[in-house]
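In what follows, a structure is listed as structure tokens, so that the remarks can point back to it.
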Amino acid sequence: MTPTQQQFDSGLGLDVVFPTPGQIMGQRMKSHKGFIIGGLMVLIVIMVAIFAPYIAGYDPYHQDLSNRMIPPVWSEKGTWDHPLGTDNMGRDYLSRLAYGSRISLLIGFSCMAIAAVIGISLGLIAGYFGGLADYIVSFIITVRLALPAVLVAVAVVALIGGSMQVVIMVLGCLIWDRFAVILRATTQQIRAMDYVQAAQAAGCSVLWLMVREIMPNLFNSIVIVATLEIGRAILLEAALSFLGMGVQPPIPSWGLMISEGKDLMLFDPYLVTIPGVALFFLVLGMNLFGDGLRDVTSPEGRS
Amino acid sequence: MNALLEVKNLNVDLNLPAGALHAVRDVSFSVQKGKTLSLVGESGCGKSITALAIMNILPPSASYNAKKMEFEGHDLLKMNEKKMSRFRGAKMAMIFQEPMTSLDPCYTIGDQLTEALTEHKNVSSKEARDRAVFLLEKVGITGSASRLRQYPHQLSGGLRQRIMIAMGLMCGPSLIIADEPTTALDVTIQAQILRLLASIQKEFNMGMILITHDLGVVARIADDVAVMYCGEVVETGNITQIFNHPIHPYTRGLMDCIPIPGKTKPGEKLGSIPGIVPAPIGDLWGCSFRNRCSLATAECAARGLELTHISDTRSFRCVKPPVEPEIDHTDTTATRSGGMI
Amino acid sequence: MKKKSIQLLSICLFTLMCLSCFLQPAFAGKKDDTLNIAFNKELESMDRYFNTAREGIVLARHVYDNLLYRDPVTYEYKGLLAKSFKWNSDTEMEIILREGVKFHNGQELTADDVEYTLNFAANPDNKVKTQRYSDWIDTVKKTGPYSVKIMLKKPFPAALEFLSGANPIYPKEYYSKVGPDGFGLNPIGTGPYKIVEVIPGQKVVLVKNQDYFKDSPKGQPHIGKIVWRTLPEVNTQMAELMTGSLDWIWLVPPDQAVKLAEIPTLTVTPAETMRIGYIVFDAANRSGKEHGMDNPYTHLKVRQAINHAINRDSISKNLLGGQSRSVYSACFPSQFGCEQDVKKYEYDPEKAKKLLAEAGFPNGFETILYGYRDRPLAEAMIGDLAAVGIKANLMMMQYSALREKAREGKAQMQFLTWGSYSINDVSAIVSHFFEFEADDFSMDPMVRDLLVEADTSIDTPKRKKLYSDALKLIADQAYWCPMFTYVSNNCYSKDLDFTPYPDAVPRFFQSKWK
Amino acid sequence: MLIYTLKRLGLAIIVMVTVSMISFMLLRVSGDPAISLAGEGASSAEIEFVREQYGFDRPLIVQYFEWAGRAVQGDLGTSPYLKQPVAQMIKDRMGVTMTLGVCSLTFALLLAIPLGMLAAIRPNTWIDRLALSISVMGQAMPSFWFGLILIIFFGVYLRWLPISGSDTWRHFVMPTIALGYYATPAIMRLVRSGMLEVLASDHIRTARAKGLRWPKILFKHTLRNAIIPVVAVAAVQLGFMLGGSIVIEAIFALNGLGNLAWISISRSDLPVVQAIVLFLSVIYIFLTFMADLFNAFLDPRIRSS
């Protein structure tokens, strides 16, 4: 009796369905702990930011000088109606922390966005056209890197005063260098690939080539640099606030909370450690997520 | 007749995102001293993985087991990493396919050549350099003393492959594994390298495993042949038996693909094997060639298909071989068949 | 392989060696008669005439001597370098110098030095930074080896104060040779302490002046050596104080001072300073319509409303602590002529809202409060203003940038402070801000006339009456919102016997080890 | 090599000129120096007097070329506050900042390279994540916060290390850790990805086939190839550190350029800030130039091209 076709074919591994690249990435994502932990941490902060009004029992700007400097609940003089205690103006620290997450995320993402726009365009132009354009862009990058970022930021903010928009603009224009450098290198690589030259040979316009052929491939490095730059932007804002040039009070940015608590740090460390830990948690999350993203989306999987 | 290297029922699994790939299944062969065994098969049939398994330098994601793996009386299975590393390079050497990337770009040729010797045999660097110069001349590189100070990127592909060969011979190994040594080179250099390999093997009376997918190369310098298909050895035998009396349908199919000067008339259509090689993932049984074999029957799908041995070097893995296995035990030192070279 | 292990071994040895040699930091203070003190601002030039910072004033008191000396407790003027001084007329003062007073380089003080130094200070071409302390001097003439005459341009009652608070005497020959820059690097004076080592921006070392003249009202220096360090970060200062490598610091925030007081080895004495904090309004409408709406501060009721809205007691008690007290008149209470019986605006948010409504701002208005220091205090004010409907956001800037903006008329409401340079005379504060100068934001002719007349009258009771009328007018018109006095928390080692004074000039030459 | 060096030198000079021009304009515009120079409570007449006396009323371009002219001969002007020639001030304080920068970079390298190697040997295991977290902590914590915590712990609590000042080498230990830790993640990540790539390359397989033992393969072949990109990043990081040491020098009262820059900015002491910015950019350009040369030395492929 002739074997049924199904019997005949089975046992040869022919029926094995190979996972699509999307599935592979999904599998890697599930297995890449760093990616998951990082993503979770960032998600937590975003949740805190969204639900800030519910988490915070009080209005973060309301001052009450009579009960100021109440330590957090875990120290002996702490009370439960101010779980994380109050700052030196008597404002509830938990509410400021919750609303502070909004500010920090806002600063992080908007600075990154500005930096991305500048960095990517320069990177693309330099990478794609090469020659003179490349020379000019590299010159701009070198000049930008040669200018000490903190000094320039402090000088400019001293000029216009430290409002939120000013800080975002200044930081945005100071941290685009990584975008430009990495994008330029990746564009050059992709520019030399055969399929781009093939598309060029097929008569596609330069813009088409850039948007359709090169940009999608850059997405991977853009996202990775973006996540790492967000962390860097938030930290730079904290440093600016520490030097008194950052966001102006009474806005509850984490960096400003640390710099306000700085003078009282020796005896009331909670004023600095709580926002410090929050900042650390967010930036660590960003970095783990960014690294995870690079490993997960990188072609050879690098596992 | 004790074989230089004897491998019995070697299995190697690579775990990939899609599942465990059984790259090598139930592979057995042996290499005689002074003889060349050629592992031949399409790319992806597991021949390179087998070589890496012998040297135990498989990638971390691979795991392997075997009933027997003996080399000059030492059981390779029981060797820990420390002992094994003393074997590698000293007793068995390996030459790789891609000469352009197989040398460390940051160090001079001299440094990379003498490195292994000083490591294994505690020889002074002066002696090591002399041996390197001697071997470079032996592999046909002119002005070898000055070559030692050069860097890999300053040399051509052919030169680098010769250096790889010299590197393999530094410690005077008794077994050389050449993993497709000429695939990346153009034809003219290919012939020189093969001739060089054969002469060196004869001169130092070493055993050699030549891994290739090019039957022309096999015919030229191999003594015994093991044909592999989809991770399994489907036929073994000496050169004349395989070329003149192929038994397994896959081997016969291979033979139809190559034009034999004198036999095939110009314009005659060459044979080809339909279908694709299956992916050996998951539970596998029966003959893995059955979906492409024109003579396939139900029994081919039966489990427990083993290698049938006619003699200790001649065997095939087929339920109903299309042709009677020749009985005459011709001399194992097969004569070269005519104008192949 | 052998080479690798040797390297590893040497690294471990090295780290072990480092850890083992951690010995206790050299214990300073009483043990080796060295007083380690720290300030957070870098010492500018050590030449008193080219220095406006508080640190410079303090150093000057230790290294140089002035002609006169004001007793910090009784506020009475005594002769320091001068043996005696008397007014020949409204515009001429005669001074007899003490004899046998030596400079640090051994040279004896004579009338030539006094004549040279004061003429140098009074001469505008020398671009002396403390011009305001010596522009009242016309010329100084030597009338004998140890006597000089000082001619005034016009009658100037605060002359004694300026001769005791500033204008130290330099050695004529040395100063004319090295000039201000050279002198600034290694100064020579007659003071109780000599400078022996200077590392710019880091530390200055002073040692006791062995042959300081005996009958000086400053008294003889006791502590042998003073190491004067610059530590910008207050936490670092407190940490060094706690570990004993510092013996004295000041300007410690109130909350921290309370905690430092709990440490057995330290004493903390909060001392009120002459600096007061106040809000000034653009009553003279120098800013005009720039901000899209007309300037609210031209309305008296708005200024009065803000005076009612600010909770002076809460800020003074909670945020400044110590002897800080609320202030209702535009001067420091102890200053001569500082009238306390002026219109008091007690803390009453409801009344503030009513006044705002009457002024035409029923639901308040949006504005900017400019400030250059004490961010927590500014935030407290913003909170109080918000409570009455005035949405003020804070713009903190550098002092120089803020003053420039204010002078261009762009700052309608500013939180400023003024220490009157520790001069115990109302002319050092009110006259500076209400005589149509660059910093005058009320431009009230009546106030100005009263003050100009008061500044130049020698008759003390009349002068007091004039100042009092001016201050009453300022309070009625609410040109300012005076709020509180500042406190300086001096924290120092228990072994040190140190007494702070309201003029915020620490006198280390009086302190000694217990 | 010579043309390459000359070309780089030309570029460097143009960059320096541009940087000095930008910072000159930026600083002049960011606050009227005359007012801050005249001191507190100066009358408007005094300020006018200072303005023309220091020549601040002339157009910016003229001021710039005058300054540049003098700067080329090494005269960077004198600081109106400290009455010292700026060049001298920088020379005095340069030592502290350079020492701090070099020590911090060494600390970062000593921490990052082993961590990177560890992470590369055991990718995606808990070791990899631990190494990554340790190094990322350096970037996640604000350096001033980390500095103050070091002070409290080592300075006040354990009293092992002196807290401030820059007299002995022990004064530099905490600042070095505080500043160096910030640069660790960038270097560590580069070493990790570099090592992973090289470990998967063919010549490492050849090395294993030659029977070399693991430590030799790791340090000699793998690290040597993976370290090349790290050199360039290290140079850039050192440049950032010199600029970013303001905060650290403020906390640890190190009398370096960062501290001087911060004080000068707060009182608009423009000649000093201008000189420091120029100095830092010169150092940065010099460092990147040295990094390229060192790279050429490290990677034979570049050396001979």
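Just so it is clear, A, B, C and D label the chains in written order, and each chain counts residues from 1 on its own.
In this text, a residue touches a chain if its C-beta (ideal position, glycine included) is under 8 Å from a C-beta of that chain, and two chains touch if they have at least 3 such contacts.
Predicted model only: the values in this text are computed from it and were never measured.
Novice: By C-alpha centroids, what is the most central chain here?
Specialist: Answer for the innermost chain: D.
Novice: I want to compare two interfaces, C-D and A-B. Which one has more contacting C-beta pairs?
Specialist: C-D
Novice: How far is the middle of chain C from the middle of chain D, if each middle is the mean of its Cα atoms, in Å?
Specialist: 37
Novice: Measuring centre to centre with CA averages, how many angstrom lie between chain A and chain B?
Specialist: Each chain reduced to its C-alpha mean, chain A and chain B end up 51 Å apart.
Novice: How many angstrom lie between the CA centroids of chain B and chain C, rounded to a whole number?
Specialist: Once rounded, the distance between the two centres reads 90 Å.
Novice: Need the CA-centroid distance for the pair chain B / chain D, whole Å please.
Specialist: 55
Novice: Give the residues of chain C that touch two or more other chains, as numbers and ranges in rising order.
Specialist: Residues 235, 239, 398, 401.
Novice: Return the residues of chain D touching two or more other chains; collapse runs of consecutive numbers into ranges.
Specialist: 31, 148, 152, 156, 213, 262
Novice: What positions in chain B touch 2 or more of the other chains?
Specialist: Touching at least two other chains: none.
Novice: Which chains touch which?
Specialist: So the chains that touch one another pair up as A-B, A-C, A-D, B-D, C-D.
Novice: Hey, which residues of chain D end up touching chain A in the complex?
Specialist: 11, 14-16, 18-19, 22-23, 26-27, 29-31, 123-124, 128-129, 132-133, 136-137, 139-145, 148, 152, 156, 185, 189, 193, 196, 200, 236, 239-240, 242-244, 246-247, 261-262, 265, 273, 276-277, 280-281, 284-285, 288
Novice: For the complex, give me every residue of chain B touching chain A.
Specialist: Interface residues on chain B, with respect to chain A: 17-19, 278-286, 288, 290-291, 296, 298, 301.
Novice: Spell out the residues on chain C that touch chain A in their complex, using ranges where they run on.
Specialist: These residues of chain C touch chain A: 234-235, 238-239, 253, 255-256, 259, 311, 314-315, 318-319, 375-376, 378-380, 382-383, 386, 393-398, 401.
Novice: Chain D touches which residues of chain A in the complex?
Specialist: The contact residues of chain A facing chain D are 31-34, 37, 139, 142-143, 145-152, 154-156, 158-159, 231-232, 235, 238-239, 242-243, 255, 258, 262, 265-266, 269, 272, 276, 279-284, 287-288, 291, 295, 300, 302-303.
Novice: Which chain B residues qualify as touching chain D in the complex?
Specialist: Against chain D, the touching part of chain B is residues 55, 57, 82, 85-90, 93-94, 96, 98, 101-107, 115-116, 119-120, 151, 153-154, 164, 167.
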